[in-house]
Amino acid sequence: MNDEKIRVAVVGASGYTGQELLRLLAMHPCVEVVSVTSRQEAGKPLVDLFPRLKGATAFSDLHFMAPDVDAIAATGATFAFLALPHGLASEYAEPLLERGLKIIDLSADFRLRDPAVFEEFYGGAHPAPQLLARAVYGLPEFYADEIIAADLVASPGCYPTSILTPLVPLLEAKLVDPGSIVVSSLSGASGAGKKADTSLLFAEVNESIRAYGAPKHRHLSEVEQELSVAAGETVTISFVPHLMPITAGIATTIFCDVPGDLGRVSGAVSTALASKYANRPFIRVLGEGQFADTKNVVRTNFVDIGWVVDHRTGRLILSSAEDNLGKGAASQSIQSLNLMNGLPETCGLLNF
Amino acid sequence: MNDEKIRVAVVGASGYTGQELLRLLAMHPCVEVVSVTSRQEAGKPLVDLFPRLKGATAFSDLHFMAPDVDAIAATGATFAFLALPHGLASEYAEPLLERGLKIIDLSADFRLRDPAVFEEFYGGAHPAPQLLARAVYGLPEFYADEIIAADLVASPGCYPTSILTPLVPLLEAKLVDPGSIVVSSLSGASGAGKKADTSLLFAEVNESIRAYGAPKHRHLSEVEQELSVAAGETVTISFVPHLMPITAGIATTIFCDVPGDLGRVSGAVSTALASKYANRPFIRVLGEGQFADTKNVVRTNFVDIGWVVDHRTGRLILSSAEDNLGKGAASQSIQSLNLMNGLPETCGLLNF
Amino acid sequence: MNDEKIRVAVVGASGYTGQELLRLLAMHPCVEVVSVTSRQEAGKPLVDLFPRLKGATAFSDLHFMAPDVDAIAATGATFAFLALPHGLASEYAEPLLERGLKIIDLSADFRLRDPAVFEEFYGGAHPAPQLLARAVYGLPEFYADEIIAADLVASPGCYPTSILTPLVPLLEAKLVDPGSIVVSSLSGASGAGKKADTSLLFAEVNESIRAYGAPKHRHLSEVEQELSVAAGETVTISFVPHLMPITAGIATTIFCDVPGDLGRVSGAVSTALASKYANRPFIRVLGEGQFADTKNVVRTNFVDIGWVVDHRTGRLILSSAEDNLGKGAASQSIQSLNLMNGLPETCGLLNF
Amino acid sequence: MNDEKIRVAVVGASGYTGQELLRLLAMHPCVEVVSVTSRQEAGKPLVDLFPRLKGATAFSDLHFMAPDVDAIAATGATFAFLALPHGLASEYAEPLLERGLKIIDLSADFRLRDPAVFEEFYGGAHPAPQLLARAVYGLPEFYADEIIAADLVASPGCYPTSILTPLVPLLEAKLVDPGSIVVSSLSGASGAGKKADTSLLFAEVNESIRAYGAPKHRHLSEVEQELSVAAGETVTISFVPHLMPITAGIATTIFCDVPGDLGRVSGAVSTALASKYANRPFIRVLGEGQFADTKNVVRTNFVDIGWVVDHRTGRLILSSAEDNLGKGAASQSIQSLNLMNGLPETCGLLNF
């Protein structure tokens, strides 16, 4: 049985995304984790760093190894998740591809089609522009066919997933004015990563609510790229992320002008979402008058979407929620893995 | 000395606003609390309900009494804070005014000049329209002179204070497009009141982030009333409040179009705020590139204001923070009390 | 396939235990939930109350029904979980047993062998003493054989599970002085239930740490019953529970005198635990010098156990952690369901 | 007026204790802060690091300076608070004393009378044993007379204050068995300091409850020293601290055997506490059947104390609560400052 399992490596496994990936892979019926790497934890048993995973028998003998591409390939892995900082992911993607592994990258390195945009938002030249054309944006609800055929998937950022899933179908249906979009997103603290930074200490984040990173957060680059594809024109939006005293979860509220008949917009929104997400099990359309709550989606691969029409101002207000480490990172990347292996995309991911 | 203190009653003292009022009044050098009322707690020692106040010697013999206007007047109170639900406050305001007390009302009953707007937003006819002309909107940074002369002050709502303080000076200075305003506010759970409602239980609110109350939250009525005064035209805005897993604090993020020269807007914003709030000790202008954090204002009477200019979209993004129970309710109402008594408005309120 | 699934009813499904049961049963490969009851929610779709479960296709048509025993039996359920208040559970257990269902009761009604002890700790005569001899205490690590054969299982309380799992093996091995046991337990707020009680509001529980319920918490009765069985003598302990600002989880710290050679006690503890819990997949013995963290066990069926020897005072200090709604309630009761149906006890419960 | 204020330096002002000291001193009517030091923040405006203090006019020009003893003395400070790590405090205490300043040290360096005990618990030889005899243990409820006369005050640790205040009067009155004492303490995360340590990140501490540091936490040394003084014999106790997901506050639960008549112990406890703490405004004796809640004491200098008698086991269970940064550190040290300057000990500290 084990021989038929997909052999995967998790490169850069010591952070929050790596931890969530491993937690989910521990319960995945068709995956065997054969390699976990971490420069600083090399040699340590996996469960020492992640005591939550104690009792996962498949992991009981797994140790962190140094992130050497030959060593990773030698473990027999055929897929590698890269949970590395942007810039660093590129260094591993190319040699691992050369060694025949397929790559699902959770960094920003391969999400942008235009290396100039990468340079504008991330600073410095793109480290591997030759790979960009080969990469697929790993949002399965939009690019399932491309993901199935890909060997390099760029799994989307956490904020982008929560913004794109409600907006793309409405832009495609020409229901909202692309120039009017304003987004306020609220993210749990794990989104900032497992960094030894005093501004992320419990005593700093607890009982604190604050905006940050505006007006030009890096995730804007991929959001606007995908919104522009959907709208068929260049879309520029305003976006303010906020840091929340919760461990995981993103709630996003989107305001946009509705050019058409206000009385019909709610029905049209409902139709556009239902049509786009028919047979997409991980998008839960809550309906008009409903607001999405992070509490209902954390530790799942769901995005919840609701909306209200603000008749007084002629705006549509959208509300979405997801787990920043789940659909915003780890579980979404496993959804791609499932597609790339001919499995149902829900395999191992129908958690509640 | 005690004879010279201001004798105040707190009517409806058992909720979160009442509790915060009493906490602040316990430390106020010029106030004596002579009467605290609560229908359901009548007869009970104050410190039994608010054990935090044990040790406040002035409160050691204070008991809740039933909210009878003659009994309140008999305690010698010359000022009454009304911390009652909307609709109920009106029932106490008039008879207490008749008995010679001055009123600082923390409900919504006297904030709106137009009873038709009250009816639209709160449902049902206004309970005491004859008093509306007598009432002053108790935002001291805007109406200090009127508050000084008033005998009926309508202390503003929590969301309105956080929205009006950054926006009013900019509308007065014609810096922003009044039709473009979009507001996302994030409030601590105490803002929902001390209600036995399962949706407010710890296990419901903790680890949860969600919007609610849009698109027509009641506070919009007073926000738009005051924004319209500032703009000299009718202003309608979009507003989405969110419930946060913190006890107290509101962070507000405001998006608005800037009609003029983007390169000059930040300087103009800075000038407008500095000019409006010169000598207003409770508004802390943080400056461009700064985001306000609820952590820095809870248990104070401060509003912190920062902003960024979004050059990509031509929008100004404002950020404010306050304590919903402080500057958003209790301490702001004491600020009015100070003004009405010829005290420095900071008296008893310069807390950090 | 569905025909072979175990058909279960969840009686009293609207509280936190019911919600966790349903969350877990939604992912259980061998269970079909055929009936969920709630007096106050009767008629409502299940997912309206538990939006987290939206997307669980097996639940999409499930509605709450009134808790009528004939109606429950008519759904074809062969097992019923009772997630009801103590006293009320008895009223359902007997008629459901008569109709041929097997019962797993999560209340306190059938945990005590002696109805006089029930009366002492819970007040009032036991409502169904004739059933006590038929009931099995549903702690599978101690009573697996009895559970397999039972038709009435009394699933243990949350605090008891966290106290008994570390202590019972040591009392059986005569390693600790039964008269010296002192227990400090720390529980998440969900342990208090989904009650409309202002003392459980977010703004009350957040940023608050406090003891409660000592010195004679109701759970002491079953704890002392089982400790006495293990020790072979009557055991009386001191126990102080504390309310914590977390949603779920219990951490328990136990102090006890060690009569024997201090130098050997750690090894003996290790041996006793390893021997008792060999082949018991849900007890994770962390070892000496380790403290259990609720973070590692919430949403699982694990109990983590660590200890230190306090050589200065001659005491052993034990540390355990579990999920109060998981191993302390819902998942433990499913563990019994598995045993009663000849399934591996881990079926549907190996979550991380 | 300013000339008559006490001129104080805060040495090591960038951590949580320093921040709380400065917050309280900003509101103290008789203190002028003339110097704040921080090696890493030298040159930076104070309010840049502590934006909460913006608006404290006395602080508006204050900048961090490097911790040079001559520079500190040159600011005219006559008192210095040392908020430094243990070991480092000694390096500043002696030269500052030589320059005529009086010292209130918040580290552990001068709390222990016996340098051998320091060496046992803190590792390494005591850095300034010659000063130990000169130092006074700064718990004003026990040592007010000595503090008044002192020039070197060792302000107690956070856990010790919460343990000593309930226990010392009972040991003095011979009400409890000194050999039976078991303590479980629960502390907010600020107690761990403002350290760039991933184990203290929000995402690690939130939704986590765990013991740590047992069985030989450093604070045991001063606790046992003072308990032994009170008991008139050597006292050794068991102590387990726990890390809590709250910013500030310590709740302590103490179990001890009562040798005498159980029926009389509660009255005797009440008498002993009332007698010891008559005229001690910061100890609030809540009475029998009451449990102390951190929520009621954070940001104050109060210790709340309650108790129950466990008649079933013959034990007394004490409950105390304090703010670890307040009475457990900063405000308690200001209480000593008040005493050393002939001020009422409540000066600037009667906060609610």
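Order as written gives the chain letters A, B, C and D; numbering starts at 1 within each chain.
The working rule: a residue touches a chain if its C-beta (ideal position, glycine included) is under 8 Å from a C-beta of that chain, and two chains touch if they have at least 3 such contacts.
Computed from a predicted model, the values in this text were never measured in an experiment.
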* Among the chains, which is located farthest from chain A on the basis of C-alpha centroids? -> D
* To do: Consider the two chain pairs C-D and B-D; indicate the one with the greater count of contacting C-beta pairs.
  => C-D
* Quick one: report the Å distance separating chain B from chain C, using the average Cα coordinate of each chain. => 46
* How big is the gap, in whole Å, between where the Cα atoms of chain B centre and where those of chain D centre? -> 36
* Let me have the rounded angstrom distance from the C-alpha centre of chain C over to the C-alpha centre of chain D, please. => 40
* Among the residues of chain C, which ones contact at least 2 other chains? -> 188, 204, 207, 245-247, 293, 295
* Structure fact -> Per the touch rule, the chain D residues reaching chain C in their complex are 182, 184, 186, 188, 204, 207-212, 214-216, 236-238, 240, 242, 244-247, 249-251, 253, 255, 291-295, 298, 308-313, 315, 317, 319, 321
* Touching residues on chain A, where the partner in the complex is chain C -> 23, 26-27, 51-56, 207, 281-282, 284, 286, 293, 295-297, 299-300, 302, 304, 350-352
* **Residues of chain A defined as touching chain D within the complex** => 16, 188-190, 194-198, 200-207, 245-248
